[in-house]
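Here the structure comes first, spelled out in structure tokens, and everything after it is commentary.
Read from first to last, the chains carry the letters A, B, C and D; within each, the first residue is number 1.
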Amino acid sequence: MPSENIDWEALGRLRNEVLAANLELAARGLVLYTFGNASGIDRTSGLVAIKPSGVPYAELRAEDLPVFSLEGKLVEGDLKPSTDLDTHLHLYREFAGIGGVAHTHSEYATAWAQAGRPIPAYGTTHADYFHGPVPVTAPLSDAEIAGDYVLNTGVAITRIFASGAIDPMAVPAALVAGHAPFAWGRTPGEASHHAAVLESVARMAYFTEALHPDCGPVSRVLLDRHNSRKHGATKTYGQG
Amino acid sequence: MPSENIDWEALGRLRNEVLAANLELAARGLVLYTFGNASGIDRTSGLVAIKPSGVPYAELRAEDLPVFSLEGKLVEGDLKPSTDLDTHLHLYREFAGIGGVAHTHSEYATAWAQAGRPIPAYGTTHADYFHGPVPVTAPLSDAEIAGDYVLNTGVAITRIFASGAIDPMAVPAALVAGHAPFAWGRTPGEASHHAAVLESVARMAYFTEALHPDCGPVSRVLLDRHNSRKHGATKTYGQG
Amino acid sequence: MPSENIDWEALGRLRNEVLAANLELAARGLVLYTFGNASGIDRTSGLVAIKPSGVPYAELRAEDLPVFSLEGKLVEGDLKPSTDLDTHLHLYREFAGIGGVAHTHSEYATAWAQAGRPIPAYGTTHADYFHGPVPVTAPLSDAEIAGDYVLNTGVAITRIFASGAIDPMAVPAALVAGHAPFAWGRTPGEASHHAAVLESVARMAYFTEALHPDCGPVSRVLLDRHNSRKHGATKTYGQG
Amino acid sequence: MPSENIDWEALGRLRNEVLAANLELAARGLVLYTFGNASGIDRTSGLVAIKPSGVPYAELRAEDLPVFSLEGKLVEGDLKPSTDLDTHLHLYREFAGIGGVAHTHSEYATAWAQAGRPIPAYGTTHADYFHGPVPVTAPLSDAEIAGDYVLNTGVAITRIFASGAIDPMAVPAALVAGHAPFAWGRTPGEASHHAAVLESVARMAYFTEALHPDCGPVSRVLLDRHNSRKHGATKTYGQG
């Protein structure tokens, strides 16, 4: 995209939102040192802004966030992007409704990912945000790891949603087996919010199993009821 | 209630107390984002003030708390109430001695609720506040969930106290199966205080079972002794 | 003790030390609300200063700490003492080398107490401070609970040290079954320091058992070696 | 080393780096009271600066850090060094590539050490920093404990790396059985950074086993892939 075709005002807004989403990850204690990253997309232009790689959260500035096309071409910025960029871009290409992605190594969600287990919907906190279990990918094959590993991480995520017929807007997070969680939302801020709630839900599910090893999930009726309180036409939560 | 019949000074005091009780939930780390809510009742007028739905704790103002009659009629305020309002109102109607209710998704108490288990009285910290196990409701039926769900949540709570002949002033909290805890007290502040102690008690009971899987509760004699140190005619705790 | 016989300067120093020891419990996150208490003794006069009952830590002032004789006679102060006073006094009477006592409901140490289990010496952190397992009392009998309960709590502690031939200066803490820990030291500050280390040791022992359910304690040789690095004639730790 | 041969500017830089590394341990919550210590070496001069024994972190000053030759001769400073000095010196003598060492009793890593278990590589967070399990030493023999105990602690570490043909630059930490972790790096700051990541990895491995008791490690291919993203010629992480 030639520089004169860029809507600089829209890009500035996007970078500010992405900066705030990254700072939210740090403020909520979801990231250690430079771990983790959040990104956002401007669907009009198709531009994606993302955290630069290895930069401490306290030093992030909006204008330093590198910007890429949806196909991964650098459009603007001097810093190298998060090494997870290609996972983010794949999610934006495949999940048309999302506007932000957040990746952390938050400790309980990561433990579920390392254990290779989906997080069951054990209660209404889960149901309020995730309309069913938070799925875990299959382990990547050796060829997928040796090949375009970061892209393939995204492919593993979208594959589990496709094969399970899961709506990514209804279950806005996934666990990558042996790795860590990715969360998303309509905006970068919502993606980070979902990453924070996911960690709380992961903790409570962990505690629940310790207290009741063969605990079953909440009923489908309760799952639907709570999810519909926060989302869609029947939403009653909030002031909107 | 016509506006000219409202005791505005009493209502202002109530709102201030309810605001403080809500802020206490946030200060004690019992709530994430806009989760949770506290309310209070002025027993003279029967008016109930409650947290508005979906408003961040840091932005709460006393005058923004919506006010309702005990039957759920809006009396004053522009913001929509917590979606849990009908649970609170039911508790005020059924438990005559209470003046405040606090609801959180604090993580250990919620895990006990998700596991569908009452919290046993494993020690004197528990006994100081809860004169017996903290009960858990039965799961709501599909009809109860599909019907007046929020009210039915309150009904499930009062039903377990009635069927178990539990005095709600002696055990000022309950776990809603698959959902989370509700706590109450003579004032809104006491309700939040009880919510905080409940979480600590829930944590310690969780740890106790890991250390001693078939641990029994403290003896009835010790339970009575500790409870009476903090409550009633034989109270020795505090300066009062 | 007639007021004119009181060494007011020494008493002021004692109260300041006891105030600092109480504030340390709060600063280290060992106490919730008004839970817990620390005291100190001036061995010259036999006077004991202790936290008043039910006063928030943030509101404590040195001059408000009530002062008692070793036999429990009020010597000075307007506020009621901690309800645990008689446990503290018994420990001072029986353990001649101690100058301070700290009591908390810190959550992991309390869980061990609720589980009725001594904390094994699983590592050198433990050995640095506690020269052997931290013992747990037997449960109090119904008669002991119904009788002079607070005093009998202290008796249960000193009984386990006597029956086990444990030196209270070498193992400066105990768990009261079904209740919580007491720690002590040569000064009030050391008592609170030991209460904080006890909680850390209790956490690590809890985690250790989860990782290695039939883990044995460290060897006697390692226990002795580490303990002697911090204590006694062979001490090498610190600048003293 | 005669004082006139000391490069005082280089020594000042070293002390500043070691001070910062020590403060990092405190800032990350890895140390309680005066527990733990970090050191650094100037490979040109062979001088080692280390935390003085028993000094609170808040009171540390760069000029107070005692300085030793690689053989343990005091070169400069009035304060006694950490009692763990001889372990640090041994690591500097044996691991030629390291420039800093950090020792903590951080609670989860210590629990693995107390359990006598290496930390398996359960995920990519681990792989990013530790190219294989974090090894645990064999327990020291009674003779080793009774003899030059602190030196022998270092010998136990280097022995496990030698016998396992582990590259200390690829796995920059070890657990001392029944004791606690040591971490190292090319600089004092990197050593403390590794100590903080080790604690996070230790927590996540603990949680992973609870969720999946017979979980296996990540594949060798994934371990290699992630490690090479952060290290060596194929490094893609960061701006460097």
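By definition in this document, a contact is a pair of C-beta atoms (placed from the backbone, for glycine too) under 8 Å apart; a residue touches a chain by one contact, two chains touch by 3 or more.
On a predicted model such as this, the values are computed, not experimentally measured, just so you know.
Suppose chain centres are the mean of their C-alpha atoms. Which chain sits farthest from chain C?
Chain A.
Quick one: compare the interface residues of chain A with those of chain D and tell me same or different, with half as the dividing line.
Result for this pair: different.
Once you find the CA centre of chain B and the CA centre of chain D, what distance in Å lies between them?
47
From the C-alpha centre of chain C to that of chain D, how far is it in Å?
34
Which residue numbers or ranges of chain C touch two or more of the other chains?
If we look for residues of chain C contacting two or more partner chains, we find 210.
Determine the shape of the graph in which chains are vertices and touching pairs are edges (line, ring, star, complete, other).
Shape of the chain contacts: a ring, since each chain touches exactly two and the loop closes.
According to the definition already given, which pairs of chains are in contact?
Here the touching pairs of chains are A-B, A-D, B-C, C-D.
Contact residues on chain D for chain A in the complex?
The touching residues are 122-125, 193, 196-197, 200, 203-205, 207-208, 210-212, 215, 218-219, 221-222, 225, 229, 236-240.
Which part of chain B faces chain A closely enough to touch in the complex?
32-35, 52-55, 79-80, 83, 105, 107-108, 110-117, 139-140, 142, 145-146, 149, 178-180, 206, 209-210
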